[in-house]
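Each of the two complexes below includes chain A, the first together with chain B, the second together with chain C.
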Partner chain A sequence: MATAAPVNANRVDPRRYRELNVLQRMYRCRADYLYVLPSLGVMFLVIGYPIYYTVYLSFFNTPPSLSMDEKSFAGIENYSRILASSRFHEVTWNTTIWTFASTFFAFVLGFGAALVLNREFPGRAVTRGVLLVPFVISAVAASYVWRWIYHSDFGVLGALAVQMGFSDTPLNFLDSIDYALPSLIVVNVWKEFPFAMLLMLAGLQTVPDQLLRAATVDGASVWQRFWHVTVPHLKGVILITVLLLFVQNINHFTIPWVMTGGGPAGASDIWITQIYQIAFGRIRFGLASAYSVILFAVMIVIGYFYVKALAFGDERPNA
Partner chain B sequence: MARSIRPDMFSMNRRRMLARTAGAGLAAGAFGRGVFARDGIDVSRWSPEYIRTIADTIEVDTAAECAKVVPLDYEGRLTYWYVGENEASSEIEKEMERAFFAAFHDTYPNITIDKLNLGYNDMATKLRTAALGRAAPTVVRLMLLWGCEFAAKGQLMEFAPEDVGHSSDDFWPNAMKSCRWKGTNYGVPTNNETMALIWNADIFAEAGLPPEEPPATWDDLVAYSNQIKQKTGKNGYGLVARVNAGNTPYRFMPMAWAQGGGALDEAEPQPGYETIYIDNAGTKKAVQDCYDMYVRDKSVPVSALTNTNNENMDPFTSGNLAMMISHPSTYAAIVDRAKKATGADKAIAERVVESMRYGLIPEGAERRAVVFGGWNAHIFKPDYVDGEHDLDAARAFVAFMTGPEWSIKLAWAQSNPGNLRGFKTRWMKERLEQIKFLDVTTSMLPSGIPFPVIPESTEIMNVIVPDMLQNALTEKMTVDEACEDAARRVEELLGGI
Partner chain C sequence: MTTQPMTAAPAQIEARRRGGGKRRRKPGTAWGPIGWVFLVLLVLFSLLPMVWMFFTSIKSQLTALQYPPEWYPHNPTLEEYHRLLSPSSEVGGEFLTFLWNSIYVSTATTVIGVAIAVPAAYAFSRFRFPGRKFLFFAVLFRNMFPAVVFLMPLFIMMRLMGLVNTQASLILTYLTFGLPLSIWLLKGFYDNIPIQLEQAARIDGATRFQAFMLVVMPLSAPGITATAIYSFITAWNEYVYALTFLNDDDKLTLPVGLQRFFSEYVTNWPGLMAASFIMSVPVVALFLVLQKYFVRALTEGAVKS
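What follows is the complex of A and B.
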């Protein structure tokens, strides 16, 4: 009696399965692929097609006076123009500062808050709720509030500085090319550190208590327990949190756009605001697409590390 | 290429044919004499006195006029996007907007409007995206700088005042020019604006300046601003230099034009929009004036780089800002704010209202200039509209909106109705009695210069000009470098790069 072809790789001898090529493996797992086919179809439509169209559009010149049907093929001109422009280097530098500083400070602050909240103390639940407030406030609303807090003529911070004698005139935060970007980073860190706090808090709650107690019995100090027990146990969570913050920051649009529009004189212009400005302020969809493709390539690299980080978490025993 | 709507619009049925005949007859009757003659309008005659003499000289029956375009029992639906009332609007403007939609509903009870009120700085971006996604509204009211881009892309229907029962001669020539692309008309003007200089006479007196005399030239304005800062510690002039905000070019371009500058040659009598003026001596002088006020004298708000003019209203109301360029509606808006103020703030605001003065925008070495601003109604082609494209509903709506009654009521606190017949109605007389300083902004009309009517105008005015200012004001570049950088960008832009 003929036997049906195995549809699940688990039923096959693992050694033989490993010898099969990709197509053969896929054929053996065809039922699994059928199950995920609808999802793949949706992903192709809502993710794949826009990516394809953006890449396609990046090779065209689309001046504001022409409709999209009249676009002209420009080859790699859009890419060479972007890479050769001094504005690109300036924006890339701003993006680097914005992304690394926001990620670093949001993570450090979030981790610190998580460590505090992981301990029992009176009012812990209330404190946790209060610390989550920046995270749940709409980014647009928060940006407007901060814009007024920072306002160079009537801002609360400027008025406080004058009142306390730190300055004769209100401080110039957002209208200064030196302070605009750092001021926005402060707002961004305030807005997203609770995200890091939540992830790290969840991670901290998985650290086995007996390990910490054993370390205490062995005479480890608080710092040693943190560095040699807690941190190694949280490596996976830390990696994922940092990567998520990084991706979130490199793509962050609302705070810089609402608060300064990338100004003054491009001092707080980052990749994503620059892409928006090129596409919708200057109506250059081809150029904006080329910019987006460059950003996408960077994101792919980060995505690769993210997947590796996830795999790292999976491979670790007891993870 | 844009497709004409006229052949199918008027060959569809007898009602439309009758409407067109009646509309043409009405136009011929109304505009056959004086300054309304078909050979154009002599704007130099539009003095405050002239406007007073023509007010309340005609009776208008809006419903009857609209019925000749589209029957009043017409059943239909349309989508409409516009920049309407916002938190900075005066109560009069808010009331008029509500009354407009209520009156349209009374006139055309079977036409449903799905309306969307968008912010000034969001409209162009959202509309571009919507049109690309073929989800634009049927009717849109756009600032006159914006329409050209959509017309050039072939997204708007060919559409003229004659299609809604008016005559092109009912409208300012500059306004009609802003509706035209390559000789074809794509819209109907709804209202036209010229701004004026507003100042606080008390602050002038406190600074030792003649309280009833505005600065005559831009050089005077720079000097006044500095003197005010030195003597009172208050900001002199409400400079605005935010990127991507229409307020910036509306306040900077009059300075540049006055000195013989510009973006292109738009201030010349016969502009060709091909010669770059943004790095000429006139524009550099205007940027230098801004630099002197912002960097050298520190006599303007530090927040000028992130401010729109809305942010100048509160310091002006609280007596902390002496001068700004704005609409006549600013008076009504500040009166509203004074009413809402409490305690000591109320007394200050009421005092500011009393000491508020309007005057002509200063002159420069070449001329006195102001932006000939305004808004136009456009209809998108069916291909770009989300859902049903009901052309008759759109025509009824535009006919109603741009007729003499509502073009004046919707511009109640603004400068001018788009439809010049509005000046001859009784509502104009009411307005002249109710809106203080209206005559001053009307006196600026002969100095009105429209932005270049090219699709690239939006980028030049909203991005390149503010960037140039920011580069100079932050000292990232010298004034010369900032202007030359802007010229290079304009050249690239016009070259299709």
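What follows is the complex of A and C.
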């Protein structure tokens, strides 16, 4: 990408082009913008404006009727109310566990799967296909299947535990304050480890064989080759994969909402489900907007690293 | 690339190599029996819930609610599938409406999204206009934000535009996540099409737009197909917008329909599993058939080779 000459370079002598100021350059490239204009237009309408409006709304008290003429300015009251509430701290703690645990296990399973799949064996393509199925199916369907598997009376998992002697009575998964969140994390990991697997598999294919061979010749063990050759080479890919998983998890709504709705007693409530509950359950858009802005702030910090990691990948010379 | 050149290697290297474990193509990824056990467990973990979904769907309601469960359906029945897919039954009529709504919304989203994304992705891949990098990252940045926080402003916007409880509202909002993703996937494909082809076309007198339409577009057909199907699957599976924007039963898409519809018959697990199965089959089939393209498309951007 970096090496190829731009298509439009022949219109202007490159040396002269460099001397132009930004406005002149933009004018020279005016036709280019036509290509991106429809996208930017739609994105402004459905992304840019909503972000602005959320920030704006977070400083207001909104009436349950949602007629926005009747909203009243509240200053930072929404924020102070959220940050002071003990509910916020519980939900933040749940969100932290949910996000870190899901990311960690999805990454480990995905990386492991990628390592095993990164060699030729009969049925490799079929195996990869099977492992991708959870990733493709709808989160709602997945949530219902797992709800049925976890069912407290007729669930197959509880019955299995009894059968194998782990427990006398079928286990309670989703109705238990202690097990609800871990049970959801299992479902989430099940659903998204294939995504990590795909990215890591693509990354592994870029590790040069010569490097690994050279390490072998030098007497490196399997583990040493993995740790000192493969992992350093994949640093960029690992970073991006972990960041993407992290973002996906912190933003995940469907599985917790469909499976437990945040319950029992808020034991599996995370930021997203809480925001949804405040906005569309209690119809308090102002408060929910303030909550969203706090989430924005966190995402912007992560987004900064994400863009940096991507830009880092972009600067690397193409092989 | 292959192991063949290695046959010429000195014997001692060969011996040490063998000491490092059984390896095939790639050195460094030979994990031996542990790897196989891990793989088998992982396949079971992925597959068994799906198998259980299917098994439950072909049981009668009575057998499904047994303790201990019937591990394997001894008297399989397609009753639930019949019910869901026959337009005359009450349940079937509703289900088929949801199915049709899902097909309609997903198709419209895909067509509009891809049509808008193609030129943008091409521009991001080829042109060097000022602000290109900034705009591209702005596009990607959208993916950082959860759907839920866009819900409130969009909901108010839809109310102002009178679009609440219409499928147009869904199509419009699905573009919020469909577009950035499509642009990102397509850019990866365009980056891989040699620029020399267009340069040759330009020398032969084609305009820039002609070079794009006549040379690049045909070559990127696989990329566009993969992107289109990926965006179809995402729209097909989308839940939270549909949950919030639609109220009327005859407008719901499958993911939401599934929920509303079965909450009335809470205990009909075989029916719910059958509906989930019908809903999953098309996307899994599409994905597996075109696996090769997706894997490339999805990983292209994140992993530069």
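Here is the rule we go by: the second predicted complex is superposed on the first by the 267 of 319 C-alpha atoms of A that agree within 3 Å, B and C clash if a C-alpha of one lies under 4 Å from a C-alpha of the other, contacts with A are read in each partner's own complex, and residues count from 1 in each chain.
FYI, a residue touches a chain if its C-beta (ideal position, glycine included) is under 8 Å from a C-beta of that chain, and two chains touch if they have at least 3 such contacts.
These numbers were taken from a predicted model, which means no experiment stands behind them.
Once chain A of one complex is fitted onto chain A of the other, the partner contacts of A:174 are limited to chain B, with no touch recorded for chain C. In the superposition on chain A, A:102 makes contact with neither chain B nor chain C.
Of the two partner chains, chain B and chain C are each touched by A:68. When the two complexes are overlaid on their common chain A, residue A:280 makes contact with chain B and with chain C alike.
Of the two partner chains placed around the shared chain by superposition, chain B is the only one that A:152 touches, whereas chain C remains out of contact. After overlaying the two complexes on the shared chain, residue contacts for A:78 are found with neither chain B nor chain C.
A simple residue count on chain A separates chain B from chain C, and the partner touching more is C.
Contacts of A:249 after superposition on the shared chain: neither chain B nor chain C is touched.
Contact with chain B, but none with chain C, is seen for A:263 once the two complexes are overlaid on the shared chain.
Judged by the touch definition given at the top, the superposed model places A:199 against chain C, while chain B stays out of reach. Across the superposed pair, chain B and chain C both touch chain A at residues 66, 68, 151, 153-154, 170, 280. Of all residues in chain A, only 61, 63-68, 81, 147, 151-154, 169-170, 172, 174-177, 259-267, 277, 280-283 touch chain B in the complex they form.
By the touch criterion given at the top, residues 125, 128-129, 132, 149, 152-155, 235, 242-244, 301-306, 314-315, 454-456, 458-459, 462-463, 467, 470-471, 473-474, 476, 493, 496-497 of chain B touch chain A in their complex. The touching residues of chain C, counted against chain A in their complex, run 1, 6, 13, 16-17, 20-21, 23-31, 35-36, 38-39, 42-43, 45-47, 49-50, 52-53, 56, 64-69, 116-117, 119-120, 122-131, 133, 135, 137, 139-154, 156-157, 159, 172-173, 175-176, 179-180, 183, 191, 195, 198-199, 202, 208, 211, 233, 236-237, 239-240, 244, 254-256, 258-259, 269, 272-273, 276-277, 279-280, 283-284, 287-288, 291, 295, 298-299, 301-305.
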